[in-house]
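For clarity, chains are labelled A, B, C, D and E in written order, and residue numbers in each chain start from 1.
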């Protein structure tokens, strides 16, 4: 039996119009990315409440990534602009509290960027894996 | 009575910590005293009292009662109770020692609260007599002698020594273990300190405060007092007073979904909160006036009524210093019944 | 893995070129200044590497006719970079024992007064290990 | 020393009560000691004469009380606002939280309020009385006699770092209006930013672990005026009554700071009321500092109706990854 | 408590190849709320859907999860299935175990485990689903067509024929587009103007069509059925109503040195001009960049000669706002710049031209009045080289486009044929990589060029063009002969790649319509919805969606029109059911949500509430217009109290998904 390598748990919030479609395209093109990344579909990146991100960490996620349409391409015109401000402030605050900034990311992935989606997920997963388990924003009660 | 030189205090603490976890007030980074587990290098605080009371040791802010493990459609109930480890709380002031009596009345009455009882059985309380009571102190209002606290072991700290006297079996057992580090002594120094402290107590600004007009059977007298409305008008409805109070014992029981099961926990609740004792039909106390009244009526009338005249307040003064709007039980006692200052 | 498979693999690795990107337009050969000197032309290099037909290339004089001017690299619409393949095949030859096209011993005989120093250096770099 | 006196406030309030402009007055009532004044409502001149006090400990921000008081008045409610309170006042108006027509606001100048905890630390425990005379403060104590401390040393943190002595809203101003101050209020934030992530984590763990979730910070905050707070709402998914572990301590304070981000006027009430002395203003100020640096200076409450940074955007805004880097390269 | 069904699809081997579907179905059967779980080869097939319907009836399901392909593919299918079985269509959730699982992973174990988690997540969500009913919104029965080329004209004509008013917005002074510049059309060789100009006239004369030439769309608000569009009518300094198009001004204007864009700068025009004789509207336009009067205030010749008094130097840009129910993008294409391709000497020699320039050179109304001569010296060329695929089919770091421009093979064959036909004394060489001629009568056409007209088709690419004295030395490869060849040509014609018009990207942003990396508009579905944008109410016509020849453009234009008509005949539109809604009991009325709503869907009302203490209180609360809300959810995060939530993607649902994912 092989020693299983450490696989960080990662939640990826993808907007329905660009990034979720980008993820579909990655699948269409049979581009591989780690299975420890699970996608949650939201209508727009601006639907992602900071509470969801904290919730994910509480429930044992080691990294959270938000994917949305490129700025200017939001299906809802301006949703991702709000996302950008909200997450800039939230991530800055998390870093201020001493939580590793590498655990959170916002990436703009269009419906045409299947390759970018896969590459981003591979890279983010490796980045989070390098940090090891999330110890600074964890709720031990939720650990299995 | 036995004593221990202050220079040997560390050795004394080290000895105590050998058999059980020892907690004592230490000065925190914020310059205020709080309880910490003793370890080499930690020093007993000189502060009068800790920000949070010693209630936490027996009735912690949150504790897990039980757990449920959910696996698909099956639910397994897990009893998470374990026998508590022995521990010692050192430096409890007279007011806080009294608070344990009040908590015991509530939690140890049948059916006894096994979680509380477990910790109570394993905890040894070493009290410490006050020497410099603060302007906010009014323990004497409730018949507490700050110079002579109760406890398993009672201590008096003078300039050069710690005087100790066991008051219970648990206390005697502990003192026996400390025999090598303490010596038998007379009570002169302690008596002198008690006299000074009593003198000081008598001169405190709140020394004249009396609870005589309150007590069991006074519900009708105070319940409809118009002063409640004005007293509570600035109340924010926060829980500061209840959470720093050594005698507040209300709690809520909550289920926390961990994702693979449920942890049933109990946590402090506050009668000042709008969702306190909220039931299916809503909240029995609809406005902050009623919630405010409840807290003070409970301390001053309901609790004595149900417990042989013992008041639910020990006069520690924590709420006087912590309330964001400086409303407190002293102002309430003075204003009710129409003899405002 | 056959010898020619290994050769192909080595050439693809050292050159970093993916011949499958070629759409066979022939622009490399159209732009090649050494075209007439070469037995195998740039587009043939790409195709022959793709099919694993490498030994004829290694034996061919064409290897040394390529000026490495990179015109084909610049003009290729698909960014295939044929010159890098030529270079890689050349290296494959040199890496085979005794495959040096130019030995230092040969130089005195080839010297003439007009030959610039740099030409010697670059020739050694290009034709020998 | 405060430039307005109790008598000035009382006489003005009495006049407004008398001429029927207002029927309620928000003011301060005396306590047992000098420092424990309580906000209260006065409806007649006699009560004011008897109980109204004003002094160095009248720091409570009255803006939030207007949510309930403005509903109770038949005419108008009179409120005294320090400069910093006027920002909260405007912010609440921006959010339609009370009816401006129901309020008569008197701006009062402020030289800063004193912090009883600082005074205790500087002088002694057992404080029975405090007298202020110009720049010095005399503290009467139980066991250590009278002690004198400099007024400047006894100022509350928020007053040391006062951002503005200018009133941004009032119907009437008592005394002279001041200026917006170029304060050093972000220095402490910058100092934390300069720490290593480990140090920052340790700093906040230490601070937030003291939290007892009494909700005083929330309940006093003029930006926290939700009809139902998410932390009290069992349907919100984050409701909890007390922090069971460090995660819940962190979550409460992150979410609370985020919810008031762009709306917090930095009035400092949260830190003032915290029984555990958690420097909560450092969370809010971090957001204010980031907002100023990322999106241009913005002071919540400066103008009624201004668009808060989190409900606004520019197409060229900073990417979150850059924002985090910038927060750290301040180091 | 929900009664949930789980249906795991094999998708043939697409899913079953990497996911043990039986294990997934078994594992999910034990999830809370699940009362039925099964797998089947093709859930989306009639048999699969019947299986779902039967299970709904037999097991009294209140909702179900389909573990299958992306919800973008079949969510709508399964919602219909639910509806047909009497279940609310929003009680369905899809676990995407194909695109995001079986196609991503190769290992059966990994794929299966992940599929179980994805299924579990969907079950967690559907446990919290509530039946939703979409609202309705009215439809403005008027269409906007952006772009007045053949695509826009055809779309407008078809919509107008169905009885709906249409506006065409065209940035140029005239409609007509690229087709107006083309000489002859393949494969029939009939004259472009002869077939285009009657359509232009039809458009002008149709009382349902309004042509807004020399105009731009500057802002688009609203949503399907209810767009509000701001259009800038640029000042042309000529009163369109009065100008008779007599052209006198364009003859008298002293400023003669203006490059004529219609002829691609190969000749000049005046500062006041009518682009070409058949322009619609046939009115003059003053080019403000060149007009002496507008620049210096001295001249005024045109005003003096205009008998109609149509010249108005004080004219200003006019901003108008119009309401539309549907918008058609028909912004067309342009050849790419040849500047970066220095190997072809386009910038060095006037005799290296693009194919579009050749069209003008051969056109009777062109700069040479149809005389086929070299631009450099006016001599008749005898040897002509055509280079195909210039800038098309490029990859990597090169300067061209990755796609095939599709039309070049055919127009080059046309050019070669026309030249050989008119001037049999010319030698014509065509260098090609592939000749791509799918289309009715296309390959026959190309073969005619070779077989009947003797055009030399050489398989190979031109490597270099060097101007040498009077001629152009063309160095190319002949791959079949395995030779490098040199041709001294008189004229070189480059088949330049085509790209979307530059106006397309800003327009897409305004329309919130998505684009691909090449700036072509993305269609809602590449096969099944090729003329619709994913943004509801926005349709695509012509080359803005991808390279197209004229017959294809016209087909697509009519198809887009049909879609528009299908929309405009409706009196009401069924809205998105997944909209925001505010819990008034919790709403603070703070207006934060209103500020982030891109659609203006949130308004406020004062409502009376019974307070817990039995008093009443009037409070300002937010209300969402369900017809206007598009369901982005921006408001839900802006709302501090959490009063605002999004149906179908509620806070609780998303948190349940987070929990299930992280479990």
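By definition in this document, a residue touches a chain if its C-beta (ideal position, glycine included) is under 8 Å from a C-beta of that chain, and two chains touch if they have at least 3 such contacts.
These figures come from a predicted structure and were not determined experimentally.
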Handout entry: Chain labels contacting chain C and also chain D
Key = E
Handout entry: Minimum number of chain-to-chain contact steps, chain B to chain C
Key = 2
Handout entry: Chain closest to the middle [Cα centroid of all protein chains]
Key = A
Exercise for the section: Averaging each chain's C-alpha atoms to get its centre, pick out the one most distant from chain B. Expected result: C
Exercise for the section: Between B-E and A-D, flag the pair that has more C-beta pairs in contact. Expected result: A-D
Fill in the blank from the handout: Per mean C-alpha coordinates, the chain lying farthest from chain D is C
Practice task
Please report how many Å separate the Cα centroid of chain A from that of chain B, as a whole number.
Solution key: 46
Practice task
Calculate how many whole Å lie between the centre of chain B and the centre of chain D, each centre taken as the average of the chain's C-alpha atoms.
Solution key: 30
Exercise for the section: State, to the nearest whole Å, the distance from the C-alpha centre of chain D to the C-alpha centre of chain E. Expected result: 54
Problem - CA centroid of chain C to CA centroid of chain E, Å - result: 45
Problem - Where chain E touches two or more other chains at once, by residue number - result: 596, 638, 651, 655, 659, 662-663
Exercise for the section: Would you please write down the residue numbers of chain A that are in contact with two or more other chains? Expected result: 50-51, 55, 59-60, 72, 78, 82, 86, 139, 141-142, 144
Handout entry: Touching two or more other chains - residues of chain D
Key = 230, 236-237, 244, 310-312
Practice task
For this structure, give each pair of chains that are touching.
Solution key: A-B, A-D, A-E, B-D, B-E, C-E, D-E
Completion exercise
The residues of chain E that touch chain C in their complex are 343, 389, 393-398, 400, 433, 459-464, 475-479, 482, 484
Problem - In the complex, chain D residues that touch chain B - result: 30-33, 35-41, 60, 65, 116, 121, 125-128, 142-143, 206, 210, 212-216, 218-220, 232, 240-244, 272-273, 275-277
Practice task
Enumerate the contact residues on chain A facing chain B in the complex.
Solution key: 59-60, 139, 141-142, 144
Practice task
Using the touch definition up top, name the residues of chain C that touch chain E in the complex.
Solution key: 21, 23-32, 35-36, 41, 43-44, 71, 75-79
Exercise for the section: Can you check the complex and tell me which residues of chain E touch chain A? Expected result: 70-72, 96, 98-101, 103-106, 110-111, 113-114, 117-118, 121, 508-509, 512, 514-517, 522, 534-535, 578, 596, 598, 630-634, 636-638, 646, 649, 651, 654-655, 657-659, 661-663
